[in-house]
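First chain A sits with chain B, and in the next complex the same chain sits with chain C.
Take a look at the complex of A and B:
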C-alpha cells in the first residue's frame, strides 16, 4: 500500500464523489416526480395516460441502464437529438428510477383500504381533501421503505456513468489504474468512497423505517 | 434519413452476431442465477438460525454485497484479484463469480424472508396432527415457502440479467461490444447505424426480460390468496 499515493489522490475522489452524489440527487428528484405522477395516474385510472404509464413502466423496468445510456448518448445524436453527458446521465437515471419509484408509491397507495376513502367521504370531505388528509399521508409513509431502497439502488446505478465520459468514482479509479498501475490503492479508495456515500443513507433508511412503522394505523 | 441505418442490421450476419453477443450475456447471467438459487437457499436457511455468530457473519456478508455497486465488485474481482494475488481470471469467470456472490446474498435474504413469514402455528398444528418433522417440512412448510419465494426469485433473475450488461466494462465481448464493432466497421457506409443498433439492443433486452417479469407478476397475483 502506497499511503502517499492515496493521500495525494484523495481530492480527486472527493470531487468525483461530489459528481456522483450531485447527479444522483438530481436523478432521484426527477425519479420521485415521475414516480408520483405515474402512480397517481394509475391510481385514478386516467384513460389514455394510464396506458402510456403502463408501457413506460414495462420498458424502463425491463432494460438495463447501461443500454439506455448507450442509446441516449451514442444512438440519439444520429437522429439529430444531442444531449450533454450530464443531461444523458440525468435523463437515463430518471427514466430508470421513475418506474421503480412508481412501484413504491403504488404499493403504498394500494395498501390503503377502500373503507378509509368511503368513511372520509361519508363524513363530508371532498375528494381533494380525502386525498390530502386521509390517503396520501398514510400511503406516503407506507412507501418510505421502498423509496429509500430505490434511492440506494439509484446511487449505485450511477456507477455506470463513466461510459458517458463523466469523471465519476469509477472513472477516476479506472484512470488511476491505467495511469499508475496502482490497482490496490485505487480500488481501496473506490470501495471506501462508496461506503462513505452509501452507508449513512442505508443506516438512515433503516432508522426511518423503524420510526415509520408506528404510522401504520389499525393493523 | 432517406438511407435508413437499419439495413446495417441485415448486412452479412450482423444480426446473428448481436444475438450471439446477447447469448454470451445470458449464459453468464443464467449460470450465476442457478448457482445463486442453490447457494441462496442454503444461506437463507443459515440466516434463520438463532446463533449470534452466523447471524452476524451473514448480516455483514449481505450488507456488504448490497451496498457496493455491482460494477465495483466486478472491478475488485477482475482487476484487484489479479494485481494482489496474481490470480488471472477471464472476464467471464469474474462475472460469474461476482454475480453469484451478489445473487446469493439477495436470494438468501428472499429465502430468509419467506421462511420467517410462515407463522409458528403452522409447525405446531402439523406436529399436533401427528406429522413427523420431515413430513411437516415436506407437506406444509416447503410448499408455502416456495409459493412466496418463486415470484421474488424470478424478479431477481431479471435483475441479474439486466445487471449482466455491465460485463462489457470489464472487456467481455457481449452484445454491446459486438454492437460497437458493427458500428465502427460501418462508420463510413452507414453513419447513423448507432441509433438502430443500440435501439435494437434495447428491445432485445426488453424481449428477454419482459416475459420473465410478467410471469413473476402473474404468479404473485395467482398465489396471493
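Take a look at the complex of A and C:
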C-alpha cells in the first residue's frame, strides 16, 4: 500500500466528496419536494394530476438512473435540449428520488387513522388546518425512517454521475486507477470516502428515529 | 320540564352509502337542553345518523336544521356549523402528537382565534373539575382509555357547542373505566347541555335520557320516555332488542354463581 500516494490524493478525494455531497443534497432536496407533492396529490386523489403522478412513479421506478442520465445527457441534446452535467445529475437524481420519497411520505400518510381527520374536522378545523396541525406532523414523523433510508440510497446512487464527466468520488477513483494503476489505494480511499459521507447520515437517522419514537405516539 | 325550543331538526333524512339505504326517512327533533339517547342493534345506522348531523357524511335527501337554519346544503360552511356541534367518537381520537392541553386548545386557538392564556385557564378549570388537571402536560399514550375519552369530551366542550354528539364513547373501554366517562356525561346532562347519545349502556341510557329513540334497520321505530320505553316497549323489535340485554345480564350473573 502506497501511503504517500494516498496522502497526496486525499485533497482530490475531499474535493470530489464535496461535489458528491453537494449534488446529493440538492438532489435530495428536490426529491423531497417532488415526493411530498406526489404523495399529497395521491392522498387527495386530485383528478388529472393523480394520473400524471402515477405515470411518473412507474417511469421513475422502472428505469435505472444510469439510463435516465444517458437520456438527459446524450439523448436530449439530439432534440436540441442541452443541460450541463451538473444539471443532468440533479435532474436525474431528483427524478429518481422523487418516487422513492413519495412512497415514504405515502406510507406515513396512510398510517394515520381516518378518525384523526374526522375529529379534527369536528372541532371546526378547515381542511388545510387539519392537514397542517393534525395529519402532516404525524405522517411526517412516521415517514422519517423511510426518508432517511432513501437519502442514503440516493447518495450512493450519485456514484453513477461519473458517466457525466463530473469529477465526483467515483470519477476520481477511476481516473487514478487509469492513470497510475494504484487500484488498491484508489478503491480503499473510495470506500472510506463513502463511509465518511454516509455513516454520519446513518447515525443521525437512527438517532432521529429513536427521538421521534420517544416523543411520538405508539399508543 | 325543559323549554321547548327546537335546536336540531332532522326531516325525512335518507342516507345510502351506495349499497342500499342505511337511513330511511328519519325525522327527529332535539330541543334545547334535551338529552336524546339513540339505541338500536349494531349496524342499524346510529353512527351514520350522528355523522350526517355534523357533515361527515353526504345525505341523499331530506334536511337537517340547526337553530332553524338548514345545514345540509352545498353552501354550508361546515367549519362554522361544526363549532356548534361537539362530537366524541368511539375510538380514542385524541391527537397523539400533542399534549392534553394542546389537544384541548387546538380548537379555541386555531378555529375560534381565542387568546391562548384565557383558553388555557378555562381548559385547566374543566380539567380540574373532572380530576385530570395533573395530566395536562401528558401525551395521550400516557393516559388510560377512560382518561382519553374524558379529555376528548373536554376538547369538544371547550368550543361551547350548542349540542354534543356521543357515539358509543364507552364501547371500547375496559369495564372499570366506563363509569368515569359516563359520570362526566351525566354531569353535563344535569348542567343542561343538549346531547344526542348513542350507547349500549342501558342503565345509563335510562338515567340520562329525556327521550329514547329506538332505531332499527335505518328507521326510527319508537320514540318514548325512558320509563315507558324500558318498561313497556311498543314494538316487538324493541322488545326483542331489550331482551338480548337482559339475557346477557342473567347469563353473566348465572356464570358468577357457578
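Please note the rule applied: the second predicted complex is superposed on the first by the 216 of 219 C-alpha atoms of A that agree within 3 Å, B and C clash if a C-alpha of one lies under 4 Å from a C-alpha of the other, contacts with A are read in each partner's own complex, and residues count from 1 in each chain.
Definition applied: a residue touches a chain if its C-beta (ideal position, glycine included) is under 8 Å from a C-beta of that chain, and two chains touch if they have at least 3 such contacts.
Note that the structure is a prediction, hence the values are computed from the model and not measured.
Colleague: Between chain B and chain C, whom does A:126 touch in the aligned arrangement: first, second, both, or neither?
Modeller: A:126: touches chain C, not chain B.
Colleague: With both structures fitted on chain A, tell me whether chain B or chain C touches more of chain A's residues.
Modeller: The partner making contact with more of chain A's residues is B.
Colleague: Examine A:107 and indicate which partner it touches, taking first as chain B and second as chain C; both and neither are also allowed.
Modeller: neither
Colleague: Pick one for A:76: touches chain B only (first), chain C only (second), both, or neither.
Modeller: First partner only.
Colleague: Using the superposition on chain A described above, determine whether A:37 touches chain B (first), chain C (second), both, or neither.
Modeller: Neither chain B nor chain C is touched by A:37.
Colleague: Contacts for A:85 in the overlay, against chain B (first) and chain C (second): which applies, first, second, both or neither?
Modeller: Neither chain B nor chain C is touched by A:85.
Colleague: Can you tell me which positions in chain A touch chain B when the two form their complex?
Modeller: 58-59, 61-68, 70-71, 74-79, 152, 156-160, 162-163, 170, 173-174, 177, 183-184, 187, 190-191, 194-195, 198-199, 202
Colleague: For the complex, give me every residue of chain C touching chain A.
Modeller: Interface residues on the chain C side: 54, 56, 78-80, 82-83, 85-87, 89, 91-93, 95-97, 106-107, 110-112, 139-141, 152, 155-156, 159.
Colleague: Where on chain B is chain A touching in the complex?
Modeller: Contacts found on chain B: 1, 5, 63, 66-72, 75-76, 79-80, 82-84, 158, 162-166, 168-169, 176, 179, 183, 191-199, 201-202, 205-206, 209-210, 213.
Colleague: List the residues on chain A that touch chain C in their complex, please.
Modeller: Touching chain C from chain A are residues 113, 115-116, 118-126, 129, 133-134, 137-138, 141, 215-219.
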